[in-house]
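Letters A, B and C mark the chains as written, and numbering starts fresh at 1 in each.
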Amino acid sequence: MSDRLRPESVSDLPVSAGALLKALRDAPPLTHCITNAVVTGFTANVLLAVGAAPAMVDIVGESEMFAGIASGLLINLGTPTPEQRAASLEAVAGAAASGTPWVLDPVAVGALPVRTPLARGLVERRPTAIRGNASEILALAGLSTGGRGVDATDSTDAAADAAVSLAQQFGSVVAVSGPIDLITDGHRVLRLSNGHELLTRVTGGGCALGAVMAAFLGAARATGADALTAVASASLVYTVAAEHAAEKAAGPGSFAVALLDALASVSPADLVTAGRVESSVR
Amino acid sequence: MSDRLRPESVSDLPVSAGALLKALRDAPPLTHCITNAVVTGFTANVLLAVGAAPAMVDIVGESEMFAGIASGLLINLGTPTPEQRAASLEAVAGAAASGTPWVLDPVAVGALPVRTPLARGLVERRPTAIRGNASEILALAGLSTGGRGVDATDSTDAAADAAVSLAQQFGSVVAVSGPIDLITDGHRVLRLSNGHELLTRVTGGGCALGAVMAAFLGAARATGADALTAVASASLVYTVAAEHAAEKAAGPGSFAVALLDALASVSPADLVTAGRVESSVR
Amino acid sequence: MSDRLRPESVSDLPVSAGALLKALRDAPPLTHCITNAVVTGFTANVLLAVGAAPAMVDIVGESEMFAGIASGLLINLGTPTPEQRAASLEAVAGAAASGTPWVLDPVAVGALPVRTPLARGLVERRPTAIRGNASEILALAGLSTGGRGVDATDSTDAAADAAVSLAQQFGSVVAVSGPIDLITDGHRVLRLSNGHELLTRVTGGGCALGAVMAAFLGAARATGADALTAVASASLVYTVAAEHAAEKAAGPGSFAVALLDALASVSPADLVTAGRVESSVR
């Protein structure tokens, strides 16, 4: 998957991310989201703000065909009703048949008995990308029983081995969200240190990032960028926008509003100015 | 339906809309909404802001009786779960039995296989009003297969014939949302050119307008205003408020917040000052 | 239940509330919410803002075990789908088995035929606290058929006897929200007159308070505060924050944003400065 990602390209991530951001805004990717009831509206607003076209289609009988025409797909397991569980399986089948890239966000996997086997079954379907906090990535890799609900109780570095292992086993790009975002394709490991603590004080701060990853994967189909670049670009755009938002925020409420404004205004040049990316090879 | 709407009354739409806005605030209409999971909270906040009383009752076994006591009803097909599909049919039966005016918003009709036959069945029940973007109105009239999801890929003018045809066939007021809002009862055609592009960057920007139409139809029962006036008044209030909001917005996040503030503060006098309405006869 | 609440302690409610707020922020209680689709996101944001850890787990098969590990539980009946109804019964069983305190918010009980028997069945399970507006408390006590949907059509004082009666019958702390919040354990009665009218112009203004009560009950397990103090503390923190927010708001949209900011910044000292509490004994 990472043939095109040469070592020298990593230092260019902010430049690549800027090009992909421009491509996304020029041709908004139809981003199909099956996500949890808590963050549906915020996720759609995040996608609209950054320049993508959200479609929250989570109905059985519609999800397979829609995943086939979408540019990218997100499956988020935050509140997996029976209808959403069936729709998720449909959508993944539709994505597989059409080559639509898709992101799995295994919210609270490990501790909870319905979503945990569902997440394990979905990861076997080889998602293009997996996004979670450290506890979720450890639990998905079978190395932990997960945090308590949506909290991360493990550090990003503690999940690095699990992330690389998952990436190698399933051919996925794995993104571990935290104070430092770790993103790996199983060979190369990127660490992004942009972002702001207020992202953890807004519900959907992580879930919406999964949707942005799906949108960037959709945009990358048109430009030929690889999946690692697309996922890392989404993280960089999102976390740089979060830094802009934090400058204007008086607390978590005004931060969430300012984040939407910042996602609409963040520019390719901003990514070059602000991006903090390190890379290594496993 | 439009006996009371004489040609000269059209130039008075801003005045009529102001009177209806005042009546709505003096006696908040109980507005029953069965709407999609993405916009439920925003829709309720829009109704509260403008002065109506929202009630998001979408449970089987409660929807029929509640539609009977409500002042107005919205059926929005954005995320039609099996529970919502059954509740919608219940609610429409309750509305019909009690004379409660109701609005159908056939989100993404045409492309998607579950909601499309549902929408076609509901329109046969003769909604008081139908609201959609151009692609949805064309698809509902059977003249197109719809856009891709919630995007409008057709222009308002392209949907004018479909809107008039739907209005004549089902006795509904039909509203086509877009840069220019076209509203028709099948005979008279109003074009409103208020509004702002940021409405398309906020999820629920259109869906919430459907709820406001249901609220104004509820208020119109008390004042004796006809359905065309009620629907056009809702559009005018909403789009003038959007213009006020855009003046204070730094992007889509702050725009959504300012829209709620503006819906609470917009006055009858503002409508007269800012309203841009044209009319014609088919 | 109120052995520890002596008469003199009531005048110290602002001090007790400040201590509990500090305890909550030092050890964020995992707050399990089964709540309605309209306010899920806002409720989670309110909990995050004040310092708690929300988890919106409303799936059958997960709710019982999760209520057992949570610090506090909210059951809100605003949009009780079949899945949520079954999950609520599971969760209450889990809470009972583990001693997890739980709050019942019987939204729109009385008028609506599905939630009304559900609420009556749940109250028999002896919730730690019950929160509603005056109409809902009267309906739950069997003294009224409820308001029209979520509106309160009765005054707080009219519900005082019903609140005391419910509290005595089920061993619950009962909170009646309104311009004055009345909170009773069936013996002592507290009246809090903080707050702001804009809370009624934001959807979830009351529902989110129920979640904050569950969080404070969770925090009280660690500090040994009793349930009356915990519920009253939640109300005081929330309504003092609302006053702070109203000072910065230009309308209901900016108020909701400012409320989240204020919940994050409100301090124990603010409660002492601003708190307005009266007490009596029945």
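FYI, contacts are C-beta pairs under 8 Å (C-beta built on N, C-alpha and C of every residue); 3 or more make two chains touch, one makes a residue touch a chain.
Keep in mind it's a predicted model, so treat the numbers as computed, not measured.
Asks: Same or different for chain A and chain C, when you check if over half of the residue numbers at their contact belong to both copies?
Replies: Different; most numbers are used by only one of chain A and chain C.
Asks: Just how much do you need to spin chain B so its Cα atoms sit on those of chain C, in degrees to the nearest 5?
Replies: Fitting chain B to chain C on C-alpha positions yields an angle of 120 degrees.
Asks: With centres defined as the mean C-alpha position, give me the chain A-chain C separation in Å.
Replies: 34
Asks: For chain A, write out the residues touching at least two other chains, lowest number first.
Replies: 37, 40-41, 256-257 - these are the residues of chain A that touch more than one other chain.
Asks: Where on chain B does chain C make contact in their complex?
Replies: Residues 30, 37, 40-41, 44-45, 48-49, 53-62, 65-66, 69, 83, 256-265.
Asks: Within the complex, which stretch of chain C touches chain B?
Replies: So the residues of chain C in touch with chain B come to 36-42, 78-82, 108, 111-115, 148-151, 200-204, 249-254, 256-257.
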